[in-house]
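In what comes next, chain A is part of two complexes: it sits with chain B in the first one and with chain C in the second one.
Right after this comes the complex of A and B.
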């Protein structure tokens, strides 16, 4: 490509911009964000459990009563990890079903107004998102009880 | 909207000879009933900015030349009525996820190169029949329906501009080439699935699609590339698990048959012109 042309690739902005704004775009973006969040949590989790190697005092300083990680900020963070897991799992099941072609419908002759795989898969999407939301609400109630 | 009103067009301008980056310019255009965005661009070019560059040809949603980003959505300028936008301002920019050559003209070369890479034509082993056909290949209406929807693609690039994966992964073939890979693989006359599988089943290939499905929402022809891509993945997975039973490509109706007639297919009528 000539250096005089303008590079109009959207980059990471393209996860949110440049489309027709179907709800599935936001599920796509949220799936990536929650995936990165869960991965970050795993790394943090390994670091925290590694503290046990430095003795019980170090462990208790982090996770004992009044420990650093018992601060409400980390408890909220833990709930966010649970919420991310609930969404990521439900959307993951949705993606497995769709990517194996089970919820996109058969090819049809396009007649305006067009019905696409978006419409065909919406029922599966709604059911699985409700299941994910129910998991998050029940998990949230558990957090409140403790 | 009354006919005496004016509508404002906000257009992204870029001249590669003089501009380091694009800029925006607003034009007041008299509104007319039935006016399309392409009509508005023509009016601006005739009356206010003769240097405005945009690509178009058929003016009726067939050629796919006038793909643009109109009020944030990639679509065809000739197919979009200004009144249908229900907005006081029509914001027009070149399709994203391509380089911009000038003003509203994207460079679609990468898209056509990726399209070419998936071998978008019938592939068969009987080269003699392909090079010098003796007759048509037979195909049932049911077999036609397996790919017909995807054959309406006009290569306008709207799906490529809408795709969130395309925005961050330049090696990704994109919705149009992948949908066409399935279109030809699903064709009962074709025997090139294995060859196309090599082209799309790779890093940054078909499995990089995660059904953001904006391609299907954006497609001005109802082609539904997202569906074709998922069906391609299904076929690749089932083929890997040896659950997909591949058929031999069909033979010819007239002349020498390569695979014989399938059960239930009636004889074709005689040629009307000899």
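Right after this comes the complex of A and C.
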């Protein structure tokens, strides 16, 4: 059976148009967007940092004082990568906890007003998002100092 | 079964990245807020050559860079492969994308590992 046989298969559009507009839905979309951003940077980062294998001249041409990658545009980009990591790591910890059955509460009878495991895990979600935000702020302060 | 095994590796790789990339971020971007003794011994920027060479001399950094490289390539490329798998492109194209990502991952792992080992050799000589 090919994937085209699923009539309700939204594909990438489902990131934004999948419904269920809970905070976790936005975290899901942001997790994927930040993951793709970090991966794009990382693939280039491997190639750039390979220059250290060829000595200080090659390294400094790219990353030394006045080097090509010390341009403010790249510095801002680097901060965005730090911010993406702060969020992706915090949300990743949340996903792992939920995957392993932590922070989702005990099974309860479905009595109105209904509560789901998302409600049970929301406190952990808020704590982890605050931790991620603190990391991003600390990193941002240091970027501003330089 | 294969997918659940790969998914488990994806989670484990994420935990490795959390620790090692967290350390990398602290050394590179939080060195004034959280200074870790001896990891930027020349002072100045963490990416100044003197600091890069000093860290490269430490066997821990060479090993941790290689472990982080492998974990991050697997985690990132498996994640991308999952996203491609959720698109509406044909099954043949998905298989081709998977093969391309695997080749790219292995190639970048070889390049990055070479750089980590060669940089250590260079730093030890200098």
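FYI, the second predicted complex is superposed on the first by the 131 of 146 C-alpha atoms of A that agree within 3 Å, B and C clash if a C-alpha of one lies under 4 Å from a C-alpha of the other, contacts with A are read in each partner's own complex, and residues count from 1 in each chain.
The definition used in the following text is that a residue touches a chain if its C-beta (ideal position, glycine included) is under 8 Å from a C-beta of that chain, and two chains touch if they have at least 3 such contacts.
Nothing here was measured: the structure is a model prediction, and the numbers come from that model.
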Which of chain B and chain C A:118 touches, first, second, both or neither: first
First, second, both or neither for A:108, with chain B first and chain C second: first
Chain B versus chain C as contact partner of A:12, first or second or both or neither: both
Partner chain in contact with A:98 - chain B first, chain C second, else both or neither: first
Touched partner set for A:36, first chain B, second chain C, both or neither: second
Touched partner set for A:144, first chain B, second chain C, both or neither: neither
First, second, both or neither for A:22, with chain B first and chain C second: first
Chain B and chain C contact sites that coincide on chain A, given as residue numbers: 2, 4, 9, 11-12, 14, 99
Touching residues (chain side chain B, partner chain A) in the complex: 14, 16-17, 21-22, 69, 72-74, 94-101, 106-107, 109-110, 145-150, 152, 161-164, 166-168, 170, 186, 207, 209-214, 216-219, 221-224, 226-228, 230-231, 233-235, 237
Of all residues in chain C, those that touch chain A in their complex: 11, 14-15, 17-18, 21-22, 25, 29-34, 45, 47-49, 52-53, 56, 69, 72, 76-77, 79-80, 83, 86-91, 94, 104, 108, 111-112, 114-115, 118-119, 122
In the complex with chain C, residue positions of chain A that touch it: 2-4, 9, 11-12, 14, 32, 35-36, 38-39, 42-43, 46-47, 49-50, 52-53, 55-56, 59-60, 63-65, 78, 82, 85, 89, 92-93, 96, 99, 138-139, 141-143, 145-146
In the complex, chain A residues that touch chain B: 1-2, 4-22, 24-25, 28-29, 31, 95, 98-101, 104-112, 114, 116-118, 120-121
